[in-house]
Each structure stands twice: as C-alpha cells, then as structure tokens.
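To keep things simple, chains are lettered A, B, C, D and E as they appear, and every chain counts its residues starting from 1.
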Amino acid sequence: MDKTTVLSKKPLFLGLLFLLFILFAFLPLYGSVYSVILVTAIFMHIVLTVSWVIFSGPTGYISLASAAFFGVGIYTSAILGKTFPLPIVICFGALTSFCLALFVGALTLRLRGIYFSMFTFGLVLLIQQLLLWYEVNITHTRGRFVIVINNATIYYVMFAILAATILTAYFISRSKYGLALQSIGEDEEASAHTGINVTVLKTIIFAVSALFAGAAGAIMATRWTYIDPFIAFNPLFSFMPVLMAIFGGMGQFYGSIIGAVIFAYLQEMLITRFPYYYMLIFGIILVVVILYLPGGLVGLLQKWRKGDLAEKHANT
Amino acid sequence: MLEVSNIDVFYGKIQALWGVSLRVDQEEIVALIGANGAGKTTLLNTIGGSLRPASGNVMFLGKKIAGLALPAIVESGIAHIPEGGKPFPDMSVRENLEMGAYPYRAWTRKEETLKQVYHIFPRLRERERQLARTLSGGEKQMLAMGRGLMSKPRLCLFDEPSYGLAPIILLELFRVIKSLREQGLTVFLIEQNVRHSLEIADRAYVMENGRITSEGKSKELLQNDHIKKAYLGL
Amino acid sequence: MRILEGEGVTKYFGGLAAISNVGFHVDQGEIVGLIGPNGAGKTTLFNLISAALVLNSGVIKFKGEKISGLKPHQVCRAGVARTFQSVKIFGNIPVLGNVLLGSLFGTSTGMSSADAAREAMESLEFVGLSTMRATPAKDLTLANQKRLEVARALATQPDLLLIDELIAGLNPTETAQAMELVTRIRDRGITILMIEHVMKAIMSICDRIIVLHHGEKIAEGTPQEITASKTVVEVYLGDQAYAGS
Amino acid sequence: TTAPAKDKIVVGMSRPLSGPMAKIGDSAFRPVYETFVAEVNAQGGIFVKEFNKKLPIELKVYDDKSDTGTMTRLTEKLILEDKVDFLWPACGTHNIFAQAPIANKYSYILLTAEGGATSITPMLQSLPYLFISLSFSDWYQIPVWADLLAEKGAKTAYIISMADLFGIEYAGVSSIELPKRGINIVGIKSVPPDIKDLSTILKEAQKTKADALMVLAYPDAVILATKQSMEIGYNPKAFLGGPGVNFGFYHAIFGPATEGVSGFSMANRKTSPAMKELFDKLYKNKPEAANDWWGHPLYWAGYEFWKQAIEKAGTLDQKKIKDVMVAETFNTVLGPTSFKGGLMAKESHTGEIGQWQKGLFETVGGGKWPNTKVTAPFVYPKPKWPVPAPAKK
Amino acid sequence: MIVEILDIVIAGLLLGGLYALIAMGLSLQYGVARVLNISHGEFIMLGALGAWFLFGFGVNPLVSLAICGPVTFIIGFLLYRTVFTRLRTSSASIGAYEGSSMLASFGLLFIIQSIALIAWGSGIKGYTYLAFPVNVGGALFAANRLVALAFAVFLGLVFYFFLVRTRLGKAIRAAAQDPATAGLMGVNINQVLALCFGLGAMMAGFAGLLISICYPVNTTMGLEYTIITIIVVVLGGLGSIPGSFIGGFILGLIGSIVTYLEPGLSLAAYYVLFMLLLLVRPTGILGK
C-alpha cells in the first residue's frame, strides 16, 4: 500500500474508466437497439443499487424503501409526462422522491435495524394500496399510459443519472460525511457524542439517495408504456438493490456496481435461455455465492489478489 | 486434575498462544496473571472448549478434552464463567441459574443445588424474579458465578470476575472464591487485581505475549521483583 | 470558576430513580472523581451531562450556560467530551479515522480538513497510539481501545472531559500509565470528571471526590475526607486494606 | 421479389412462468398455445404461399417473472434481437396495455389472450395491430346476465368487485345494465386483490337479502367468496363469479356444491361437434382442473383465425396479414368468426353466461347472435349449498 | 348491532388464529436462530400443497398434519444444518450473519418454489373440508376456521409451555439471548438452532395445512404470507413468541374491522397500523 503502487496504478485506472465512458457514451451509435435497451435496464439496476448503497452501505440501515422512491418517480413521470418536457419531469420525479425520503427519514429516526427495514418496506406496500384505493374509488380508473419516447434518449438520460449517482456516491464516500456515516453504522451513540449531528446527516443522505431512485423511476416509466400501482410499486425493486449489493460485496465501493451488473445480466440470461428453470438455477447460484463467497464477488477478487501476492512473496 | 501441555492457539493466521503448559491440582486455587492482550482469555477459552488448540493437549481428570465439543466439556465438570459474566438479560435470576444446571448431570438435582447457591449468595434469592438485565454490576457478577456453580462443576474457570466492581463487592467476591475451595471445588482464575488474587491463590502463572513466563507459589511471586514491578506497580 | 454545575438533577427509569435531586459542580482545572457502588447512577449522570439521556428535572450548566436540553452533538461541540464505560469505538474504521471524526465534527469552530488531520495525529501521539494509526480499531487491545476513546475525545478540543472507568481491567502497572495520562490531560488545561472503582488511582490524582449511592449524593470532599467518611466506608469502600490496589 | 429461404415460423412470447401471475398464465393461455402449436406442426405447419411450403411453428418463450418492466424489455428483445416472425401475447390486462403500444410501434400483430378491458377501446383506433379475443363486460356478459335475472324476476343484486381494471369495469357496467332491467343494486363493495377474509362483507350481503350475489373478481377471491358463502350458510338465489367459476379447478375444489353457480362461459362439448373435438383435444388425459369453458375456446378460435389469415395472405408480412385479419371472416371452432375494430365480433360468440349443472358447465345465456348455442336453461333460484358439504372422500 | 360486532370480532379472531400460527414459526427462526427467513412462506406453501396432494389420495387433512409437520420439520432442520450452520460459523458478526442468512433464505425461496412449480405446476388448487357453518351463540361460523383457530391456540399454548417449562425450551430461550454463553452452559448450539429452525418450518407447515382448508392455494402463494408473517412478528415484538401469538390476533381483528368499514383499505390499514406501531413502540407489543 505504498505510494508508488498507487501512483503507478492511477493513470491506468483512469484510462480504463475513460475508455468505458467512451464505450457507453456511443453505444446507441454502434450497438443494436436491443443492446441499448438492455444496457438501460442494467444501468437502472446500478442506479438503484448504488443509490441504496450510498445510505445503507455505511450506516448498515437496511432500507427497503427503494421501490417506494422508484415508484414515486414512475408515477410522477406518468402524471406529468403529458404536460411537461422530459428534463422537468425527471427533476420532479427526483424531487418528489427526495421529499418523501426527507419525510420518512425524519419520521423513522428512532428506528434501528430490522425495524427500520420493516417500516420502509411497509411504506412501499402502503403507498401501493393507497394509490390503488384512490384510483379505484376516487378516479375510477386503474393505471395509466405513459408517453413513450425513443430508446436512445432514455438511454442517455439513464446514463446521465448513472454518472450522477456514481459520482455522488464516490464523493460522499470520500468526504468527511462518508466517514461520519460509517461511524453511525458502527456506533450511533458514540457518533453523536463525537459531535456528529446524526439526525440531520442520516436524513439528508437518505433523501439524497432517494433522489436518484426517483429520477431513475421517472425515466424508466417511459419505457414501460403503461403503469399501475402494482407495476410501479413492485416490492421486487426493494429487494433487488439489497441483493445486488450483497452479491457484489459491500466491503468496497465498486462492489455494488459489479454486483448489479452481473446480477442483472445473469437474470437476463436465465429468463431467456432457461425460462422454465430460471428460479431454480438462480436460487442455487444465490445460495452458493452466499455460502462460498462471504465477501461477495469483490471478496473473491480480493482473495485472488491476496493469493497472488502471497504466491509472489513465497517465490521470492 | 487439569493438565495443559504445550498448546498453540491461532486466530486465523495470528498465533495467540505459544506452547503453553500448566497444571491445576485438585482443590487448588490457581491464578493466571498477565498484561492486557497477553492471551489469558484465549487460554481460558481453549480450556473451556470454545477454542481449539492447533497443537498440544488438554487433559481433565485424566481424559483428553482438547477438541471435544463444548457440551461434552461442560458435562465433564468444567464451568466457565466468562469475561463480564454475561447473564441472559431477558431471563429472571432464577431462570439464569436454572440454565446453569443445563447438563444432564446437574439438571436432575437443580433444586438442591439452587438452595446451596442461594445460601452462598443470599442476594440472589432476594432478586429471584428480577430480570438479569436490571441487576447492578456486582449482582450480575454474582449471578454469573452462581450460574457456573449450578452445573455442579469440579473445576471453575473465572475470567476477571472483579472487572468494574466496587471495592466493597470485591471483598465479598474474593471471600466467595476462597470458600469454593472449602466446598471441594477447584478454581482457575484470571485476574487483573493481582494482589488480591495472589493472596487467595495457592499457585500462580504469569503470562506474557502468549507464553507462560513464570510460575510458582503465590506467596513467592508476591515477593518477586519482576512481578512487583510489572504487575503490582510498585 | 465553575465549569460544570448541576442543580436538582433527577432521572427516572420507569419507577426507579437512577439519579434523584443531585447537585454538584466541577471547577475549572480540577480532577474530580465520581464513585459509588455498582448501580449507584454514575454512568447515568454522565449520560445526563452528555445528553445521551434527557433529564426529568433539574438543570445542568456548562460555563454558566444551560446545556441540559441540547443534543449530544451540541454538547460535544460546546466543549464536553466523554468516553464510555463499555468502549464504543468505531471498530472497522482505522484508528486515525476514529480520532479524525472527533476533530472534523466535534470541535466548536469546525476546522479545515488539513487542520483536523493535524489535530487528530497530535491527539494520537499524545495518548501514544500514533504507530497504530492504520489499524482497524477493533484489533486494538482493550487498554488501547480505551486510550483511543480518550484520543477521540481530546480531538474534539474539549474543556471538560468525562472519563468512565478508564482503568477497569488494567493491571496495576497499566493503571499507573493510565493515571499518568489523565494528569497530562489536566496539564493541558482540560478539566476532568472521572468515574473509577480503583481507589488507589482515584485517591492519588483527584482533587475532589463525589460519592453517589442509590442515585443520591452521599458525600463530597477531598480524598482524605472521603476515606474518613463512615458512610462511604460502609456502603462502598468496605475494609480499608483492600482499597489499596 | 423472392423472399429469403425460410423453414420455420418463429413465435416469441414473454410469459409469467414465475411470480404471482404464473398461476393465471399456467391455466389460461398456456394449454391452448401448446396444443395449438403441436397440432399445427403435426400437420406440417402453416402453408405460406410466398415460400410455397408449410412452415412449422417454433416457440420462443421467455419468463418475465410477472414483472411488467421486464415484459416490455423482453418484448423488444423478441422483436429487435430475435427478430421473431410473430409476437404472441403477455399475460394479463395490464400487460396487454403495456405491450400493445410496443407491438404497434414495430408493426407487429398482437392478438391477445388473457385480459383486456373496455378502457382500451378508445385507443384501438391508434393501435391497428392490436386484436383482442377475450370478451369485455359492456356488450357481452353483463347484459346477458341481467336479462337472465330479469326474466326470472330477480329484483335486487349485491356486488363485490375487485379493485382493478376488471372489477371497476364490470361493476360499472353492472350498475348501468341491471337497473335498466329493474334490478336494484343494494350494495357494492370493492376489495383489494389480496383480501383474506370476505365473511363480514358476505354477511352484510346476506342481510340485504339480495336475490343475486355477483363476485366480480379473479379466481382466488371468487373461490374464497364461494367457500365463505357456504361456510356461513349464505344462499343467494343467483351467484355469479368472475373468472374462476369457468375453470375445471372450480369444480374440482367444490364438487357437487357448485350446482347452480354461474360464471362467464363460451362453450362446452354440447355447443357443436367442432367444440367437442376441441375440448377432447385440449383436455384429453388432463386432470379436470385444466378445463376452461370461457377463455380457451376464444384463444383457440383467435389463433385458428390467425393461421387462416396467414394462409390467405400468403406471406409473413405483418401489415398484409393484419389487413386480412381486419377484413375477413374465417370459419373457426366458434363458427364464422371475425374481428371488428380490433375486437372479436360479438356475432362470433357462442355463449356468454354459464352455470354449473350436474358437473357440467352449461351455457345458459348468450346474445342473440347467429353462433350462440345455449345448452341448458338457466336454473333460478340456485339450489342451496349442501349442508354440511360432504368431504370428497 | 351487537351481533354485527360479534361477527366482526369473531371473524377477526378466526383469521388471526392463522396469522398467529405462521408468525410463531418465524418468530422462533428470527428470534433464536437469527434468520429472517424470507422463505418462510414457502414452507407454508409446502404444508398447503402437501395437504392438497394427500387429500387427492383421500387422506383427511387433520391426519395430514401428522405427515406435513414432520416433513417440513426435517426439511427445515436439514437446511439449517447444511446452509445456515455454515454461514453462522463463517460470519464475522451477528449483523453479517443476519444479512447473509436473509440472502440465503431468499435463494431458498427460489429453489423451493421452483421445485414445487416443477412438481405441481402453478395452477390454483384447493379442496373443501369442513366447509359448513357452525352455530356459535346465534352467529354462524365456518367449521374449518374454527378448527384452524382451535389448532392455532392449542399449538401456541403447547409451544409456550415447551419454551417456559422444559429444559430444551429454556435452552432455546437462552440461545436466543446469547448463543455463545448458552454454549458455555453446555447447550449444543448448532443442534438447538437447527431445532428452532426446524420447529419454525414445522409451524409454517401446520399453518399452511390449515390455510389450505380455508383458502385456494398454489405454488406461488408463499411470499404474500411471508409479508403478513413479518408484519405480525414485528407487531408482536421480534423474538417474542407470545407477542407473535397476540400480534396475529390483533392483525386479524384490524383486518376484519376495516374490511367491514371500507374493504378497499383493509391492506392499507394493516400497513398503517404496523408503521404507526413501529413509530410509537418500535419493539412491538410484547417486545422489550
């Protein structure tokens, strides 16, 4: 961990990043339409997972509210999509989510551990049911069509959201607030006595993480053409980010990204290649990963690297 | 009665104990002293069966116990009173004590043992119905000792029983430990309260950095210059 | 000058009065000991001062201003730092990070990150842990974890430091080192209120001792006065011969 | 122009093979499309003039996990990446709503199976490639049901409807059609899809002494309502259940207790020889639970129609086939069958309302269309639930 | 009016009995074995489909209890010994274990459900048993629900006394509070935790069986029940078996009251109640 290795690796890493950026920035120009659609979906998973990790990673508060924030974005987009231009719709989606998260965050400050998880999960189902009731009994409709826009636009918007999410996550994790969040995860009481305004910090970061989920929902709605409370507030979107993050490994910042990409791709492959056995294979893979790769995929990577190092040392 | 010979213990790749050997005879009180992190708790956990030695042997009453599962070790007559006592917080004092009698050997006679324990610690009888979480520090420590005795042990392993106790309770505590021997029990004790423990112990071992560095009659150790300097702060 | 004072401080847990109507004060530059049997309410009093708990009645003032009613982080920034009876370190954060949190968030004025880092390193050196700065805090021995708590508290640049059982579980030699650390902290101009059961330590460095029993203050005075007090001997000290080590 | 060589017709589908929708997809469209494809392929395939040969059908099925977002993506994958020749429908009304605009955008014919709702009718104009085979409430079952009730002199009805497109729509139409015929609606309760206990609502319905109870919900709730009506001894003179009553599993569960329960129906073996042949084909060697007397014949007729449209068009070109589907009438298992404005013409229907009688799901009501075949008279009042219901063995 | 209120209350209790039963199982698995078992509903499904399957061979559902219970117990026990014991011993902290065990149970959900799907298909299934009214003080109630209620109460009581009175029960409670220290008392921790998991699975199996008497069942029914279960368990206080028992009845009551007032909001009412309770008393009704 001395300075020389850091220095020598950094340009390489930045170069790789730049290359990836170029690769994805021009995907709609050279890739097939479907590859654009698929990558959009994978981006969506990354956004949801990374935004989840921003708050839940360091603090250890397992939020299951992702589906609520995502769904709020979707509904905002469905309602406003017909009257406002896209950027405004997306900002609105993000903002509505942000406000919801502020509210929920402020409400749930006392809750820790599983209680917080359950509250956030209840939130998803509650919104779903209330919306359903409202539509059925007040507006006498159910669901609504969403203005459809072209795939490349959706892709670029999602790409931008993704970039914003990752950059935000990166900078938060590097900032003093990242350290403070981590300390909250370790011992909230001690954090407070160390001068951290635990309440405000938690609430704001929670809301910031919701911002991205909301934005992702707002743009994703346009791909789904039709939405109703069950489609928009699907509990699956609460569990997926958690699973993807753990799958990738929470120890490292990039773990959640790797987890989301591989997890999403794996699912895609299974539901198309082995549709009748998708659940079985997927379940087995999950259990095996959890049993044999306790640190997630990143844990495996690190083990490899350590193993490599150990070997090198042994040889010299 | 207890014979530890040449054990090595590891945490992952880090070695915590290096070739530790010691012995405790019937109805003896033996103390183990050493700096923080010397490996005392590690040794006690190994004897008690929570950790397994990588090599070496632990014999109890002539039988090999190293590597046995915890329940078997408890059945064989060793009571381990862990660091901090660790009573079950949401069980009453009485239920905690009953848990101590979990080994079959003790379960059938638990009412009788309970009477004895209450005799030793009348305070526990007063608090019989109270939840353990609401006890004071001293009471918790008494409860832990009582719970250990409930298993009708031959050998008691104490890990820093005096931790965080007020001086007045300390007195009581050492008095009780001493009285255990009179009831035919053998005691192996870790203590930071070096002077007290050496005063009640017959023999003592000193552990430094995972190794036993000296041993002897406790009266003699009390006079030892190195011990005086390093552990008695004189 | 009275840096800390409490009047009629009372705290109930359900029906139990953990602290009842306690009045106390600490003067600038003092080392004050807080003793009493297990369960007397010492830690509870610390929790009230540092705002971990909200008091039922009474008032606590720091430098003449009311601090009861503030939030823990506000009390910390006002200049009251503390350590915990059962260590509360951030186990997976490196030692330096633990202390850095104190200097980044806990100081009254706030400081630049460079200053904060300098402050943190200085605190670590002060307690003698600077060589371990990259180790995750959970890998330290208990004694060192306790020192780390002190360093973290010092990094918040406090005027008053509350120390809860720094010495428990240390052997006499380690105890002596810890005591020396406490005196050095006082020499930096920081006032100290400490809970301790080890009489030798308390008697040797405290200017004044407050004794709690069943949530009430039963005695207060110099170490000599306290050891001479019959009530204190009865409820707390027991046989003098054992008070020594 | 000569078309490139082709040796099969690839049909793509995104179906809920797992997740909460699986239980619907499994018993509704799946048995039909599997049998249909097997039969067509046994005959060598569909003759396409353009290639001058019979082309067998190859199915490409993906699992959308009952998630609409995934379904839309897989639909585009089938169209764009797999370039399937035809797209077959996803499962459920909400999925049709989501899928139809996509299919239309890429000019793929979408002939639906399970689901459909009146609220899509205003959009049919802009979705020329969408063809809906299952009946809607407003001009199919409910008017017929209302006629049946009125004829027998029923005066009041109580409605329990599910909080979704289906329930809203059927309850809405009922509150127009029933009063028109002098039948008073004495109560309407809308319930969420996962409801676990209907007994309090049923007791309330019981108190109103309504002649007819209508449970406009999906199988779970319909079965629950049946069960709990029996259990509290509530015996309305007429009992109409939404999708659920028409399935064999309904009879498998309740046995003789089903006597007199009404539901939506299209046909049974008595309707016509062609129907008999179809049902023998579909249900041969299958447990009774697999039967469906409403949707199956419609889905089948739809795809028979589709096959003939391809043969008539002589090409796999979607637009040309669509034009044929819009214009032509073909003979299917229903009889002469056609689509009007994207919906299967009501004239093609062989029935609307069915009723369990002696273990058969009889067609007791239909419109006055040429194809209609009522197989038994409507029994009113329905017999009381057997008390106590005999355990099957 | 009185009759109406009685109706609502009893309907709530009947539903509550089922909820109580499924919740006690999860309470044991989470409270003691520390597995927030997302696949709990799958064991319910196994019990339900098992009973349906056996009914096809003419086996009386109450007889099936004696088959489904032990079978789900064995599956649960073995799963714990193979999957969760390994996870527990390799996890760095209890928090890490809770996370990974939840994830593993998610995987199990997929596996169990898809095996059932392959074996039985996803179609709706059911049968009728004791589907007739019984007159209770002038009001009519379903015989099968009364039986389910009686069983729930019976099992709940048996279970409670098992935990409070027996040696093994005490060991289970001790293990719930501090497994390491319970080990020092001579409790075979792996065995006890596996036992708890197995017992939890068995309760789920029983509950599933009773559910199959009252409701249509199918292979994908599990998750819905898992969610209800979790709500009940949190409502009653995590890890508190009596809490889960009472929580089940409370949720049943709320459900039937709201269903009476505004059925469209019955599920929403569950969630509102649940969330309010979390805010006001986060440790549940009987939690500490």
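The rule we apply is simple: a contact is a pair of C-beta atoms (placed from the backbone, for glycine too) under 8 Å apart; a residue touches a chain by one contact, two chains touch by 3 or more.
The model shown is predicted, which means the values in this text are computed figures rather than measured ones.
Chemist: With a step meaning a move to a chain it touches, how many steps does the shortest path from chain B to chain D take?
Modeler: 2
Chemist: Looking at contacts between chains, which pair has the highest count of C-beta pairs?
Modeler: D-E
Chemist: Name the chain whose C-alpha centroid is farthest from the C-alpha centroid of chain A.
Modeler: With centres defined by C-alpha atoms, farthest from chain A sits B.
Chemist: With chain centres defined as C-alpha means, what is the inter-centre distance between chain B and chain E in Å?
Modeler: 42
Chemist: Can you compute the centre-to-centre distance for chain C and chain E, using the mean CA position of each chain? Integer Å is fine.
Modeler: 48
Chemist: If you average the CA atoms of chain B and of chain C, how far apart do the two points sit, in angstrom?
Modeler: Chain B and chain C have C-alpha centres separated by 30 Å.
Chemist: What parts of chain E, by residue number, touch at least two of the other chains?
Modeler: In chain E, 113-114, 117, 264, 267-268 touch at least two other chains.
Chemist: Identify all positions of chain D at which a residue touches two or more other chains, and write them in rising order.
Modeler: Expected reply: 18, 163, 190, 192.
Chemist: Counting only residues that touch at least 2 other chains, which ones in chain C make the list?
Modeler: Not one residue in chain C touches at least two other chains.
Chemist: Mind listing each pair of touching chains for me?
Modeler: Listed in label order, the chain pairs in contact are A-C, A-D, A-E, B-C, B-E, D-E.
Chemist: In the complex formed with chain B, which residues of chain E make contact?
Modeler: Residue list for chain E touching chain B: 167, 170-171, 173-174, 177-178, 180-189, 288.
Chemist: Under the touch definition given earlier, write down the residues of chain E that touch chain D in their complex.
Modeler: By the definition above, chain E touches chain D via 7-8, 11, 14-15, 55, 58, 60, 113-114, 117, 121-133, 140-145, 214-216, 218-220, 223-224, 255-256, 259-260, 263-264, 266-268.
Chemist: In the complex of these two chains, what residues of chain A are touching chain D?
Modeler: 32-34, 37-38, 41, 129, 132-133, 136-137, 140-143, 145, 148, 220, 223-228, 230-231, 234, 236, 271-272, 275-276, 278-279
Chemist: In the complex, go through chain E and note every residue touching chain A.
Modeler: 36, 83, 86-87, 90-91, 95-96, 98-100, 103-104, 106-115, 117-118, 227, 230-231, 234, 238, 264-265, 267-268, 271-272, 274-275, 278-279, 282-283
Chemist: Going by the contact rule at the top, pick out the chain C residues touching chain A in the complex.
Modeler: Touching chain A from chain C are residues 50, 52, 71-73, 75-77, 81-82, 84, 88-93, 97-98, 100-102, 104-107, 113, 116, 152, 156.
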